[in-house]
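The following pair of complexes shares a single chain, chain A, combined with chain B in the former and chain C in the latter.
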Partner chain A sequence: MSGGESWGAAHPAAGAAMSGGESRGGAAHPAAGAAPSGAELRERARRAIAEQPGKTVTVLSSLLAAQDELHYLPFEAIEEAAMSAGASVNEAWGVASFYPNFRFTPPARHSVEVCWGPTCHVLGAQPILQGLARHLGLDGEGDTEDGSVSLKFNTCLGVCPHAPAMSFDHQLAGRMSLDAAVSRLERVRSGEQGA
Partner chain B sequence: MTEAYEALRMRAAERWDALHAKPWIRVGTGLMGEAAGAPEVLAALREAVARSGADAAISEVGTRGLCYAEPLVDVFVPGGPRALYGNAAPEQAAVIVERHVRGGEAVAELALASVDCDVAGVPRLEDLPMMRRQVRVALRNAGEIDPGDLDQYVARGGFAGLNRALSELGRERTLEEVKNSGLRGRGGAAFSTGMKWSFLAGNPAPEKYILCNCEEGDPGAFNDKTVLETDPFTLIEGCVIAGYATGASNGIVFIRHGHDAPIDRTRAAIAACYENGLLGSGVLGSNFSFEMDVSLVGESYVAGEETALMEAIEGKRSMPRFRPPFPAAYGVWGKPSNINNIKTLSYAPEIVRRGAEWFKEIGTEKSSGTAIACLSGDIRRPGLVEVPFGVTVRQIVEELGGGDPEGKGLKFLQTGGPLGGVLPAEQFDMTLDFDEMAGAGAMFGSGGLIVCNEERSVVDLTRTLLAFDQMESCGKCFPCRLGMSHLLEILERIADGTGRDGDMELMERVGLNMRGGSLCGHGQLGYNPVASAVRFFGGEFRARLEGGEAPPIGSFVGPKATRRGAQMSGGTPTASVKVDFVSRMEPAAAAAGGAR
Partner chain C sequence: MADEITITIDGQEVKTAPGKMVVQAANDAGIYVPYLCYHPGMKPYGACRMCVVEIEGQRGTPASCTLPVRDGMVVNTKAEEAAKVRDTTLDLLLSEHPHGCLTCHRVDLCGPQDVCLRNVDVVDRCVTCPKNERCELKDTTRFHAQELVSPLTYQYRNLQVETKDPFYDRDYNLCIVCARCTRACDELRGDVAIGMTERAGQTLVGTVMGDSLLESGCEFCGACIDVCPVGALTESAHKWERPSRTEQSVCAECPVGCTMTYEVNHWERVVRAVPELNAPANRGQACFKGKFGFNYVNDKRRIKKPLLRRGGALVEATWEEAFAAAAAGLAGRRGAAFALMANPRNTNEELYAAQKFARTAMGSNNVDVASNDRPGIVEGLQDVFGYFAGTMTAWELEESAVAMVVSANLTEEQNVLAVPIKRAVRAGTQRLIVVDSRETELTRYASVWLRPYPGTDPVLLGGLLRAALDNGLTDAAFVSAHAEGWDDMAASLEPFTLDAVAAETGVPAERITEAARLYAGAGPAALLLGGDSSVGGTRRTTSRIAAALAVATGNVGKRGAGVLPIYHGANDQGAWDMGLWPSSLPGHRFAADAAAREEIEALWGAPVPAEQGAGNRRIFDEARAGRIKAMVMLGDHVHYEDGSLGDVAGALDALDFLVVSGAFASAATERADVVFPAEVWAEKTGTYTNIERRVQPLRKVVKSRGVDARSDLEIVAGVAQAMGADGFAWDGPEAALEEIARAVPEYAGITAERLLRERLDVPAFPADEPQPTQVAYTGNVLTGLRWPVPPEGAAEEPDPFAGILRYGKARLQPVAWHPRPRRSAERPLALAHGRVLIQPGRKPDIVAEGKRNRVEREERLALHPSDAADAGLREGDAAVAVTEAGDERRGVVEISDAVPVGVISLTTLFGALAVEVDASDRPDPMNHIERLNAAPARIVRAEAQPTEGA
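Showing the complex of A and B:
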């Protein structure tokens, strides 16, 4: 397999080993355009790791820098992060698999996050996130079949006074309703920016 | 006074005067402003100013805490009124610029409050219901200064505390000052800060660390991020003072990855301090040297625990260590370390500048100073308030917060974060005081107060908290890892109306095992939210189990991610990935691995 494809689905056993039966996680999204080569991913990861702003370089800081650049962690990025900190690939994978903000497959073109923290919950997060998932044909968190939207539940977006809170392509939006969320999602998906 | 500080102060005063020589527009951006739509308002103001040809400065500032009125625009004109415009809309930009910036008259019909002046028909800022009881110490600069401008911080008294420590007090007396002020940790444990510092000061090692904890994974709390976003210099100054008082060499600010505004603003502020001799070798021309850096962590609530935090700084999984040894002996990278919450450190500059006695005047005898509470949920005026200890919970929720937006009765507060508990409305007359609250079994924690009205189900909220706690268990100690899952499962069936006889007793048994068998507070306190909810609203649980009146509960869908292998977006669990690692190295081994 080329490095550009992600590795989750590379092995026939991989799909079967997944819980929930969603077996398409590994495949690069068809809509994501031509997948970059493994060498290219490696080079971008290496540069991002070398140019990370903090003075203290660790496996974790390198993984975060690589994900900031690539928006996911391909095998090459994990290897580069391990090398940057003198750790083994297993150690680097151990760190990456612990923190749920890391992903190992290319994300969809747009990201939508719904906060499910207690304040947002009290003010109606569940109808929004369940409604959005239905609207996108998902059973919860996940990527749409067409690779246009990654839906993620966030434990707290940090803007509780503006609950229920969401983010669209990492831009925060407060006081959301399901209707407002769907219409903004469609505007973002159709290429219009922002509010 | 050191010469270096005097030079800084002179330059800052000149800049401050220059800023006030022409109109100055401040817009609250950052996380809060962004969620409320401030970027659009900022863009509209920039355009309106450019179009009108007015010579005005526009600054992005952090939130003032008046989140109910965001986006918030602050307009100053020399020799004229200064006013805040609340819930500002992009369409109002033109009229604000035309009448206030160019015309020199506040737009009274749009103004929320006037600042340091009177405008007919507009209340003064300090007379707003949400501002009335507030005393601002840690948040003294919130919304006032551009968080990226060192001169503005210095002009408002910044680094005077550090200067006093270096030039007048010396190490021991600086430590004494903080000890005498009665400052206690604002992260939840309420331990004496001066005492904690003295543990580190007593360690003669040459390399020692001050760790500033802004992990703040507590849903419902946002005050740490607000400090960094509105005034990162106050945290830096507090950290340098802590370093000086304890003889530490390095400071690390620890923030969750993804909160860009606090991270970027803190990094920029640290860089500015290096450029101006406030960090690095010879701080303010003294013989004291101090280095600072920002360290980011992935999503992990347990990373806020002090030993797990050190693991994360070292780049590992954020799992707690066994104690002892305690951090003051063996901390990050094995070096002696002191961990303080961001809020705690943010008090140090003013305490050292104004003296311990001044700080002790504020608050109660055993809980000196102020508390920063984050109001959210069923409340008319959500946001941040900084109030002296000794005010009552009712005053915060009803007077400052304005109660339920539709006037419904309030039922309880969720306090102390996801491991905290509930405070029923009957106890709202409790005064804010570390010891009094602890004595009554309530937790102030890091200050998140989630207000719930009479229609809310306490069972529903408790289930959500446990869903969070279960997902956030790091997995190191099995009583926590498994216990949280059991608690959640039982709560789910109680919520669904399929609970069983003996479920309440089972939860208690599981909870007690977690308390005794977990290394850190996550497992030790994991049963807390259930215990507290049952204590005050046991009837609601019984009604769900045995039939009876209880508020309705909607269906619940939680995240797919857990610590047992992230399963993001379609899922790539640990097992499948390991298989592929093997396949890349050795095809034969991969086949063997694939058989599992």
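Showing the complex of A and C:
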């Protein structure tokens, strides 16, 4: 499991905005490139669930394994996790929707996390995350409309001596300012465009 | 463990049983403890914290719904600390629950014709919430008379009300997250079609990704609605209609015979059905038919007056004219030229009168009931046990270690019978064997699923019996004590070798042995014998073998063990008991038996014909052949139009004279010479006998409005009397029941008055105490009487064999080998159409069409590779299966080894049926649901629709 990614946003309002909106409105997957077919997603999820290394296999461990593989949980993955545990897909959804770390739409191409732990907060995380969100045209956490960047708030990236800290595609960056964040973000984005 | 312990609640000594929770003990003793998430019958949960109490010598305020009683425990429900917790809890609940009902200053002042603050006429409803005054949150808040701490506003969740699914409206703005609905779906029904989603303050009830109930695994049983304490879950029909009274009666949709409480509004409309929590047949459960299928009672398209055919058209007439016309038309067509068909919603009294009329006034044994398309399954049981009936009760099934369901689609047809099976399988106390060529909902729960070629049930069961014998799995002591004919029966099993059976049925030999070992060796085993995939003539053999299998393995007359015939009609058991059958008289006596005839003749004072009459399908064959010239038909049924009784319309056209009683126009009334407007089930009194042989009283739920209708009892008696026949002058169903108790020995001791006295003792609560709807409605639980009827006051069935073995011993019968049915070259395959709640991996599309959702899915016609090769079809081809009756089923071909040779396997979704029934504009759609019997078919490539991407 990739450390930075799995200890993510824990703000209740943020969680609600992510999973809540979808669970009530039905999953709308923004197209990010050529989407793999349902059968392909199911097969990958099934393999990931079957090959979990841990001894104790639960709905939760299966969901984690599937998300590690697919980077999000499509319906097929939730159903496979349920079937592997002999549970109903609605029960598995209860587990999946409980944790804000699970996402149900394909992630954007780049991940940008802003730490808002106490140290980062004191040293100026707030202007960064507000400014970045504005820069990306978001209200808060979320994916940009073009599917290029996922902005997430992180409770602690674990590098307090380097506060305010951020991560760009899971690469840590310290002593950030809003300007530095925006320029790094754009470099990350354009690197993708150049690739 | 002590059987009884004493605890003190609020200073009152209460005797209770270990294992109970404090809230239950208090409720049983009539002490009210407020609660919102607890519900009798469900496991302790502890979500709402309303039932907190103080216990002497214990710190804090534990929730009494999760606190087991201890001897000597001293409970204080009114302690100040607990009251504070409750006040806060209520206040928090109300901060998110729209509570106009509590704050509207006119809520107690509204009268009819007022205009409400919200600018609607207040006629019989309050528009603030669809719970119609049964809200437990409102009642609890009022009961406490607590001051609302928070301002009289609430945070509205602003969620879309879910109204697009059939039967249900779900408004999660009103939800208090007590989780009763999800627990009911999980613990009580075993479906988990809904679950809890998200967490903390966002937690709500929902389905995966907000899916429609049509694809979430919902069987539309309504259990979640029944337990919802607030207005979040409601029936969409009559949503805003407040009942003015309730009446308890018995559902008429299937042979389980669920007791229901019907809510009636003050226009004599049935607006809701709530299953009775403590009724022995259903224990608080119902199904989509019982919960949502009663609306035909309210339909205005009734036949309103007697009709006579004059000059080719039906014209209104008086009852006297109609009786006279019927009598005149029937008079010259007595004997074998006459037949009578009843319907499964007829009461015992009506059925008794009908067969008596056919036999005495018309001199004919041509009588049957429309739903009785598989008499063989009870004839075989009669051959062995002596009665046309099963041997066990519905809820014993929860105690069975094994259940074997043969060719029966319980979830759809006899829904509540599947509930104890699913519960036990999920609890790990039962293993299930399903014998069916179709995929049904129960196959998901099965440890062993045998898929024989349709029509080979008798061979397969014979194979199981032989395997039990060969493997030493029989109970010799039981057999010698309780059975005769063993040697002949055992000898007749000679051809049923494993290999021969495997070859004939297509079921692998090792699976047969596995099933035999499981059935015979795991503990009390129940055998539920349907006959959906059987072919006429073999069912009697199947049922003899089933009975022999049960006897051979000692699985009769013990708790959790027995045989149940799985038929369709709500009162088919009553029809057999009443002798509404071509070969038998009242009391399971044969018309061919001179002594039996004499007994009945003595009672009736009229001769009884001896010759075997024609039944169900043969009646219509005879009519088409011109040998039956006149008929009386009581009511309508799906079998008149689905081909299972042959060409019914053609038969009716061929008749000289037809008398029909019915509530709605039908193909039969169109062809009738005399039409009588009949009362519907909810307008009648009388009795029904359910699958457990339980005779249950039917109550008059509503009066007929604007319809000059009479019961079939009055109609039959009226025609009989117009013909000058004696013995029909009953002054009501009670008097007819009195005669039945004399004519049917098994019913001796049953009177209408005693049926209303046989009830469960359920503590009643003061009306002002908030209670769940099902708890508030219980308290008058009529249990009915299982025949043979115990003396008054005695326990039901002291001797487990009483009422099972008529002749003292089971009479085992030699077994015949029925080769697999030959298929015509034209239709070489059998279409096995099954229905399930969900198919993992095969999610349908849900299309919102107007106000409702619809299921859309490309269906699959699955074939064995060899059949696909014969038909020249490849995987993914678009194909169409065409049956004998001309039904066409389209789909794409799927080639699979799992499908038996010779079978086209098609599995559709229950949601599609729910949509179809809900959207039907027929007056009585539940009476017209097509059955999924296996049918000869051929499969061809679909020409019309070019496939995309195939």
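We take it that the second predicted complex is superposed on the first by the 160 of 195 C-alpha atoms of A that agree within 3 Å, B and C clash if a C-alpha of one lies under 4 Å from a C-alpha of the other, contacts with A are read in each partner's own complex, and residues count from 1 in each chain.
FYI, contacts are C-beta pairs under 8 Å (C-beta built on N, C-alpha and C of every residue); 3 or more make two chains touch, one makes a residue touch a chain.
Fair warning: this is a prediction, and the values are worked out from it, not measured in the lab.
Q: Of chain B and chain C, which one touches more residues of chain A?
A: B
Q: Contact-wise, after the overlay, does A:97 reach chain B, chain C, both or neither (first, second, both, neither)?
A: both
Q: After lining up the shared chain so the two structures overlap, which partner does A:75 touch, if you call chain B first and chain C second: first, second, both or neither?
A: In the superposition, A:75 touches chain B and chain C alike.
Q: Contact-wise, after the overlay, does A:174 reach chain B, chain C, both or neither (first, second, both, neither)?
A: Touch status of A:174: first partner only.
Q: On the A-aligned overlay, A:187 touches which partner chain: chain B = first, chain C = second, or both, or neither?
A: neither
Q: Return first, second, both or neither, reflecting whether A:42 touches chain B, chain C, both chains, or no partner chain.
A: Once the two structures are laid over each other on A, A:42 reaches chain C alone.
Q: Just chain B (first), just chain C (second), both, or neither: which does A:88 touch?
A: Only chain C is touched by A:88; chain B is not.
Q: What residues on chain A does chain C touch that chain B touches too?
A: In chain A, residues 12, 15, 19-20, 22, 24-26, 75, 87, 89-90, 93-94, 97-99, 104 are touched by chain B and also by chain C.
Q: Considering the complex alone, what residue numbers of chain B touch chain A?
A: So the residues of chain B in touch with chain A come to 31-32, 34-37, 39-40, 67-68, 70, 216-222, 225, 252, 257-260, 267, 291, 293-301, 312-318, 374-378, 382-384, 414, 418, 448, 450, 452, 456, 460-461, 464-465, 468, 471-472, 474, 554-563, 565-581, 583-584, 590, 593-596.
Q: Quick check on the complex: what are the chain A residues that touch chain B?
A: For this pair, the touching residues of chain A are 6-8, 10-15, 17-20, 22, 24-26, 53-56, 58-64, 75, 85, 87, 89-90, 93-105, 107-108, 115-119, 121-123, 126-127, 129-130, 133, 140-143, 150, 152-153, 155-163, 165, 170-174, 194-195.
Q: Which chain C residues qualify as touching chain A in the complex?
A: 159-160, 186, 191-202, 206-211, 216-217, 838, 840-841, 843
Q: Applying the document's contact rule, which stretches of chain A touch chain C when the two form their complex?
A: 12, 15-16, 19-20, 22-27, 42, 75, 78-79, 82-83, 87-94, 97-99, 104
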